[in-house]
Each structure stands twice: as C-alpha cells, then as structure tokens.
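Listed next: structures, encoded as structure tokens.
Look for chain A in each of the two complexes below; its partner is chain B in the first and chain C in the second.
The block that comes next holds the complex of A and B.
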C-alpha cells in the first residue's frame, strides 16, 4: 500500500475543497483502497465523507431517503425497505460479504469503479484510465460487457440496478438528478463513467414511491461474495414493469422488459452472457408478477 | 538400543528415492486386534486450536525482531524482457534504505533469485531492504527500471508448436499398445483440459532472517525445515549446525513451500550484508504470479476395450504447461496404476511457457490426470453400456499393474461398495429430472502413495509434573500432524493428549523429520513417536514396579494413573515422576523402513451429486461421499478436516479456479482474490466421509497418509455427475456458467 493523506472533515465545504484539489472521496473504502493499492487513479489524499452527517434512512410518505454514507448493511437491515422495497433489500444483500456490507456505503457503492481485470491491472494503463488501448477487446473478455463501445468493462453496483427501476433520484452537493443521469459513457476527452464534477459528491438517494412489486436476481461466480456476472432488477408499478441490469454494460443499464437483450449483442467470448441475461430477466419478470 | 544403517525406498509424489538411513531397533508392541487403542482412533480437537483462533499463534509474518528491516522485491511487469536500465544507486540513496540487491546478486554459493532477463511477469529483478515498508517501496520506485520487451509464449499449444520443452518429452510403453488398440472391440477417444490452479495459501510465502556472528536463524513458512536448512547452509557455505530454521505455525502451503524459497535466500543475504534482521513477505499478487501453480494440462486418451468393458490398451498424451520451471508431475499416473491394463503408451511433454515456475500442488499431476482419465473411463462405460462403478470393479487390480508387486493393503473394492451405499447410487437415474434444474451423480477412483518412510526421529520426555513433551523434526503446515503426535504419545503414556506439549518446527531441537508433503508426514513420524513414548512408558513402569513391588508386566498407565491389571493399585503417575526432581525420563524413537517387494498406496473413491441450472449455467455440488483407505486413522476429527479441505479445494478446481493469462501482453489478469475465485463456506456441500481401510498389516502402526487422497477424485466425480445430469460432456475445467451455457448451445 502506498502512503496517502487522510482527512475526515465535518464540513461539506471543506470536503469539497479537498476533492477539488485532487483528493479522492471515500465512503467505506472497500473499492477505493484496492484501487490505491494498485496505483489505479492514484491520489495523495483521501477524504472520508462519513463525518458529514450523511448517514440515515428516512421513510416519508410513500418514499424513502437514504443518506449517501449509510452502510449497505443498514439498507439490508432496514425493516421499511424490506417491506416496501424488497428488490432494494435483495440488492443490498447481494453486495460482497457481510464485512464488506458493513463497511461499504450506498454512495460509494453507486460511485464504485467499473469491473474489468485490465482496468484493475497494476501494470497496464487501459483506455478508461487514460491510455490508448482497450485491452479487454483484444484480449480475454470472457466476463465483460455485451454493449459495444470504447470500453467493455461492466458496471458492478447491485444497488444501482435496484434503484434505477424505482426511478430513484440522487442528490449531490450541487444538484439533484435522476440516478440514470449520474452515469454516462466515457469519452476520449472525459474518461469517466460518472458525471460528477471536481468537488462534487453524492449526499443522498431518494426513491419517490414504493412499487407494487420488486425484485433483484444475481448470478455470481460462486455461492457468495462475488460481483454479479449479471444482475437484473425489476419493479412493477401497476401494469408498468421496469427492468435494469448490471454486468452487461459499463453503465447500469435499463432493459426493455419485452426484449431484454436488445442492443447487447456481446462478442464471441461473451455470447453466453446473453443467455444468462435472458434467464435472469425472465426470472425477475416472473417475480414481479408480469 | 542399537542403531543400524538401512537402505530404503520412498515414493515421493511418483518419484522413487533411495536413501540410506539410521534406524534404531524398535521393540514397541503393535496394537493387538480388538484391544483398546484410545485415544488413537478417537476424535481429538486440534491442540493448536486455541492459539490459532485467538491469534496468539506466531506465524512467520508475525516475527518481529529489534531493528527489523522490511524487504520489497521489484518484479517484471513484462512476460519476457531484458532489463536495459536499473538505478541501484538511486535506490540506495533513498532515506531508510539499508541494502539493495540487483540482478545476479545473492548468496555466494547459489544461483541468484534476481535476474535482468525476466522470463515471466512477476520475475524478481531486485530487492530493497529498508527501515520501513514505505521506505522499501520508495527504494523500489527509485530503481526506475527500463526494459526491452520480447516475445512470449503463454499457451501450451504455442509452446508445443515451438517445440520448447522444459525437459525432453517422455514415452512409456507397456505391452503392445498398437496391436491391442487395432484389435480392440471398442475404442473411445477423449480429450480433457485443465487450467493452472493457484495455491493461494492463506499465509503467503515469507521469511525472516537474522544473520549473527555465530550463525544464521531463518524463520520460514516452509513445508520442510530440514530441506530449508540444507539449502541455506549450502548457499552460504555454512555448516548445517550453524543454520537454524524455525516454523512454528503455518497457514498452508499445499506443495508450494518446500525449502526456503527465494524469500529465505534473499532475506538471509540482505541480513548478512546489512547486519540487521530482515523480513520478506509476498503480497497476494506476488503469491499469484511467482509462488507456483498447479500445471495446466491438455490430455488425450484413446482407450481400447473389450465389448464387456475390460481395458485392453490405452494410448495417452499429456502436454503440461510448466512455466519457466518446476518438475513435470505424473499426469498419466492414473492410466498407469489405477486399473489392470496390459498395453499402454504414455507420452508426456513438459512445455516451457513465459509464466512463473510451477510447483507441487496437493496431488500434483495425479489430480489433473484423474480428472481426465476417470471421465474418459465413464465415456467407455457409457459406450459399452455398463454402470460406472461396475466398470471400475471389472478393471480392478490386486497387484501394481506396472511392477506386478502386491500392495501392502488395498481397500478400494470396499470403498466402492460403501460409497455406493452412502450415496444412494442405485437411484441415481431418478435424480435427473427434466426441468430447468437437472441433477446428476458421478463417481471417480483415487490412487496415491502415502507410505512415508525414514528418516524420522522423535523424542518424548516426562518430568516431575508428568506433563510430557513430544519433540519431532517436522513442521505442521496446518494438517494437524502435531495433534496426531500428541494422540499417539497419549496412548502409550496414559496421559490425555491435551496435556501433552508437542515441539516441532525447529531444526535446533532434534534430528530429521519428514517434509509436510506427499501424504508422507504422519505415516513417517507416527511409529517414531510411538516408539519414543513406549520407551518412556517402559521406564515409568519399571520405576513403579520397584516402588510398588508389582511386576512391571502387571502394571499399566491410564488416565494419568499407574494401575495394576488386577485393579488393586491406582496411583497418580506423579507418585513416580514426582521423585525425579529436576531430572526427566526421556525416550527416543525412529521410523523403520517400509517392507521390500511391496507397494504402499492409498485408495478410495468419491461420489458427487450436483445440480445444474440450465438457465444460468450454475453448478452446485450438493453432496460428496468420500470413502478412502488410509490404513489406521489416528485422529478421525483431523482426518475428516483433511477430507473437507481436499474436497473443497477440488470444488474450486472443478467449478471456478483458473489463472487467466492475457494473450496480448502475457501477464496474468486475475492475480488476486477478486477475480481469481476460490470457494467460500457457502460453496461447501454436505460431505459424508468414511474410512474403510484396515490398519496396514505391513507398516508399523498401520498408518498411511491422507493429505492428497481427498482432493484427487472430487473434480472427476463432479465432471461425471455433470455429464450424467446434462447428457453432454464438458471437456475443460473449471465448469463455470460460461462453459456450461456454451456447452448447452448459448
């Protein structure tokens, strides 16, 4: 582990200033520390956001507001979420291991970096990290995404899929937007899958209303403690079914419930994932009763 | 007691070694049929359980000495390269850096572990020792290496194409395979492939070295303290007595930790130069790049058989991806040794690749070869329409098919029978179902060595408080050998195993003990411990006979008491030992040779029941029935743990573990536990474990080894179960959702 500075400000303005100066934001550190250890998006300073009073779950009318530094385990344990947003509870329970869920935060989970063994390789600088080559597309991409593009890594946030189908909104230090807008494709000029500006960080996520039914299903590489090969969330509001998936694109991706694999052709080595996606989408759809 | 030199043969993972060894005459009585053996054969908790679970156990990485320096290795990022520039002086100038070694440097009398021609990504180029880990890292960064990057070979096929072999390919012929194959009524051709499996011992490779005027002490996470000592002594031109190797506790090794490794050599050289103790510990990434692996292999079988399923001939080839070093393990041993087959041709090609050196990994070669051949055999069974267990019985052999020698004992037929019973084999076809989730059941046989042998020495002492100590020249890599030693001494001394202290893992305490490997450790040391304990027992009873005026032959030791067989005397053993003052009674024991003209092997079979979701490709192992013949079982609790561990490690191999090498750069892309998945507790199936072996009549105490056997047949049984469930055979491990869905046409 390389040495770095650590700040835990109690003031959001101070945190934002440190972030603008190049520090990296930390929730539980479960993803960040593994990146810093390998020199991925290195930083000399880390800002722990957990002293800013951003933790907590509030049920209000039909909706729920979850502070950005609330632990994933607290989401999993919350009785109201379990009762009214079962898909969100399932997604929280699918994250990592019990230890990782205790440490990991909702904001950190939504903002974690993509999974790709080239992106995370200490000796390679891939396209998304500012290099010239997407090593995955010319290399071994057996677990990669199905969506064509400059980068075929996959978005790993189980919570993002579950929250997308609930029409969640996120609140940052400067604005409020639909969760879907937090993510965007990286470009040659801007190699990031998040829209956050320097100094900006998540403060809360809000779900406006409870669905009539919701679910989250995941296929991992082993029985527990595995990033999703594919994870599919579904929610039904009356007759309206929403679906979203992770593990198929480098963004959490809404799916067409009638044609879930549309726009996700995959490559020779990932074609199997289309079958997996279709199976999980069918399971999720069945679980929400349509 | 008289000692004599004897010549003895020991089979170490398929290689026969002839050794001269000094053994003492052993007059310890064998267990009598039906007589109590307790606590031998009764479950005993591990004596180190409390230390390990409370954290008081000191592993090599925990060793902290005053003035300790931390060392960090610079490793090549390239699969094949020449170092064109390296700034050793800049590293030496970094504050806190105390010593830097560059390519070619190292112990005077050994090859340097550091190179300027790295032939794999992860090869060691230089090492920096500094006051703190941060300073050492800064020193490594200051080396600022530059490279000329060269071409590389990362697949078995490419290596074979280049005809670049680590050793010459070998051919082994028995009988006339060509004639027998062309005359065979039925032939089956089958190909299987397995990937590199990484050891991922929980405790990484590590060494702490402390060079002093009067000698060198190395704390090493090693499976062989005496091999470590001779390696270090030779490398530095020291006498063995000037070198002390200590390994108090280990967190696994699985074959990758024989000797001191480059960590021990480099730490010792750094300590010699810096005159400070030095610690060198692999990171998890270094473990997965440069600490060895089970060799990937491609296996092809052509089997000729009679219409009723008798093996007539097998032609088999194995291409093994060795990496840059290692020893080609016997991948085709299962073809050669498990069944009666008069005609064979076995060809093995150990291919060089630009990957780290391979290393032994729990049943090296044999586990991979069992995966291939036991599935090929099921293909034959299917073709001739015979039940898989029946075809194994049909081809059973009572003598070693290669040499014709008899086995000292063989409980394989009994294992088939018992496993079938426990698994409900008769009803296997009813399991399948026709829904999305299918079930299947498969079987595979297990063959391994496991005799152990000399030299192995033990000493037992008892003092006035009657709390005995057992000292053995071995190390416990986590298998529970030390607990088994306590159990064995307990039986002779009549003192509970929990009150016996076992000293091991220190070359300065006693003479040679076995390496922890090859399923040889307990089988080697058990008779020596019992002999030493018996000697102490004899002395105690002799003293008691004088004290209580009862013939020694009418006295016994039980539950901490001296008792007369007629029940009239019950006195605490301290009545005798209490008179010792500061003296003690000690006894020594040594392991005698194995019988001439016979083969000592372990046998067994496992039956796996699996469920496969044809929609997601997920394979779940629901149940494994493991029935093995390992001779006498010393500690059933420890033995069951070994079986659980072996089965689980094999489930990793069968379902998820695979080193992936990038075809473009030749670097490993999953050299960490995020992407290299090992099983977790949630993947553990129900494991039904039984031992059917009788005590081996030709071995002292009748004990055979167990380390390897449980990992050997599991993956093959899972493969056979998967084929049974799906009606489709998958030819490459691991059986990931991808491979299953692709096999189903996704």
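The block that comes next holds the complex of A and C.
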C-alpha cells in the first residue's frame, strides 16, 4: 500500500526544496503515515524534518522556545514547562498514548489533520478532501463540531489549545505569526485549515511570557489514549483570563470566558457537547482562579 | 537505503526500501517475530520497541529513519527484561500473550526512567498497550513487582 519515497534532509533549505507538490512534511509520522496508508491526501514523497536540528526546549527570560521537532513527551517531561506552564504540560500529557507522545512532534501535533470518520474514510472524498459533500452533516456526527460551516469535523491538537491561551507565536521557514493565524477556515478554493504554503513548515513555537496560572482540562471517552471530545485551556495574566477549546470547531478556537459556548450552537446530534464545553470551561476557569 | 542498526546489542547492516516500517523489517528481514503487529495504525501498542531508549510504535516508524540507532526488542536479554518476564509470569500479566512483547517493552521504558514508579505512574506509562484479554490488573502488579525486585 505504501508507495512513496522518503527523504531525510539535513538542511532546511533542502527540505523546503523537496517539499514540492506531491510531497508532504513529516515529524513523528503518527498522523501522516496512517493517512497515507488509507490513501487520504496521498503523497509521492515524505520529507522527514527530524534531522534539521529543530529539536529542543530553551527557557530564556520569562518565555520558552520549543523547536518544531521536539517530541511531545519531552515537552511533558520538561521541568521548566511543568513549573511555569502547567497548562501546556497537562496538554502534552493528554496527547495520544505514551508511545505516540515519544514519537509525535510539537510541529506535527499543531498541524495534524482533523478527526472525522468521513474525512479519514478510504473510500470517500469529503468536502475537506476536495469533494462536494460534508458527509458528516448528512450522516453520523455525534462527535463532531458545534460551529456551523462547510466542514464540521474537529481540530484535535491539545497543544494548540494550550498554546493559544499563552499567546504563542509560531516560526516557519519564511515568517513568524501568532499561532492563531496558523489556522484558517478552509474555503471552496483552498481545502485546508492551515495557512502554510507549499514548501513552508514550522520550525519553532515561542511563548513570550509565563502566565500567573494556566490549566488544560479534557473530556475523552477514556481517561487515557482518547482524542478530546472537548478540551479547554485557560490561562490568567493578572486579571485577564484567556480560554480556547478543541473538539468544538475545525480550528482550535478561542472562547469568550464569560460566554464560552457563544457562536457554537451545535446540531441536534452534537448539542450534548455544549454542556460538556460549559462544564469544562467552568472547571478551567476555577483552576486559574477567576 | 543502507541502514545500520544496533538491535539488542548486535550490529546489523540492512538494505531496506525507504518506506518500510521497522516492525516489518524486524519480522520479515531479520525473522525477529517477537515484535507483534495487530492494528498497524498506532492504536494498540503491540509493536512497541525501544528506539534509543524511547518506547515507540515500530509499525509507524520507518526502518530507514533509524539509521545509527539502538533498537531493543523483546528478543533481548537484560536483567530488567528478565525480571519483568518473571514478574509477568508470576502475576498472570497475560492470557493469550499476543500483546505481551509490547507490554514488556513499555514496562522496560518506564522502569529505566523511573525505577520506583507509583501505581498511577505505572497505569499512565502502560496506557498505550491494549490487552484484549483484559489482564490489566496482573500487568500492573507485575510491573510493580519487577520494580520492587530491582
């Protein structure tokens, strides 16, 4: 089933050149390889970014810089992150299973594809994959999003929620931007939830300063190894509380702490998630002390 | 692609197609069938091996990406692995045994990093290995017993 080339460049310029049309960037490969094995968004070449020297965690002043190919497990185990960014550590610990955290990279986690059984079905070409129909909206969407749109699948990155509330910035091969700007609603012309251009990939994530308090709370189907049904991150800087959620929209979504479910009406089959979102938001808010 | 691997302390030099999984190369090219593949998509943990000390899923790892790495599989023999094997037997840490190689390798990774784990740490570290026979209680006891015996 796998019929693609593999390159492991040692230089970022070379990697960018290899990432022409038909090639896809790989961090830990845990999402990408399962997509390729099912024929979802096929590629003729996989470009492994792990030999570019982009791994490592640096604390400087109040902030932290995390290289894009740093493993999620290394984020979870980093003493400085645990001490100053507890919400980020909790989010890292909520990712997948222990093995997936060892393999998965921070950049890959932030850029992973939506979880939707129609999107990931080998025999369907849904709207997000370039087709005509969002099968979820005419089919079974119990675990899908609350936000109306062309696609109601959900963004799964626990780290994205935790980093959004910390005002993280991402650095790519060509630019620097707030993490929030990495994500954009897919359109009829551009069926992707990421703004990255061909050849562009994440090189690092930076958090400028530590919050006074932060947390990440998740509800899954099991206590371990479960994608978030809903995950809510909160951070407090002085009196200012920031919140963001995953599992409710096809982008990691900032929330209004005073009205977390605003703009997230849901459908008949997903409305149960509103209560879950409100409960988790209330727990997260209590945990950061406002 | 030429790949040099040290597997359970033994050097190997292999010529593998770039997209082949480490699990496939171990089982097919090296006849090391102790590593089991069940789901082949990163869900079950039965193909867990150690790659430079980290517990990883060999079904989602390219062999070609492991050049110059150290791989440890259930075929190895270290004092820690032997202790775990004894403890899994003594505490009924399996029934059919298909998931056991992966369970053992996750337990090795845990005890190498955390020689005296709490019960909660054991449950967290073993959460990526499914057991359809439901031997979880025996597995937890076995890992705790192996830690105490160390």
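Simple rule for what comes next: the second predicted complex is superposed on the first by the 288 of 290 C-alpha atoms of A that agree within 3 Å, B and C clash if a C-alpha of one lies under 4 Å from a C-alpha of the other, contacts with A are read in each partner's own complex, and residues count from 1 in each chain.
Everything below uses one rule, namely that a contact is a pair of C-beta atoms (placed from the backbone, for glycine too) under 8 Å apart; a residue touches a chain by one contact, two chains touch by 3 or more.
Being a predicted model, the structure only gives us computed values, none of them experimental.
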Of the two partner chains, chain B (first) and chain C (second), which one does A:224 touch, if any: first, second, both, or neither? both
Residues of chain A touched: more by chain B or chain C? B
Partner chain(s) touched by A:121 [first = chain B, second = chain C, both, neither]: first
Who does A:34 touch here: chain B (first), chain C (second), both, or neither? both
Tell me which partner A:5 touches in the superposition: chain B (first), chain C (second), both or neither. second
Which holds for A:96: it touches chain B only (first), chain C only (second), both, or neither? second
Where chain A meets both chain C and chain B, residue numbers: 2-3, 34, 97, 224-225
For the complex, which residues does chain A have touching chain C? 2-6, 8, 28-30, 33-34, 37, 46, 48, 50, 71, 73, 93, 96-100, 102-103, 224-225
Chain C to chain A touching residues, read off their complex: 1, 18-20, 40-42, 45, 48, 54-57, 60-62, 64-65, 106, 109, 123-128
Considering only the defined contacts, which chain A positions touch chain B in the complex? 2-3, 34, 97, 117-118, 120-124, 135, 138-140, 142-143, 219, 221-227, 229, 271-276, 279-280, 282-283
Of chain B, residues touching chain A in the complex: 77, 121, 134, 137, 285, 615-618, 620, 655-656, 660-665, 667, 669-670, 674-675, 677, 679-683, 736-738, 741-742, 744, 746
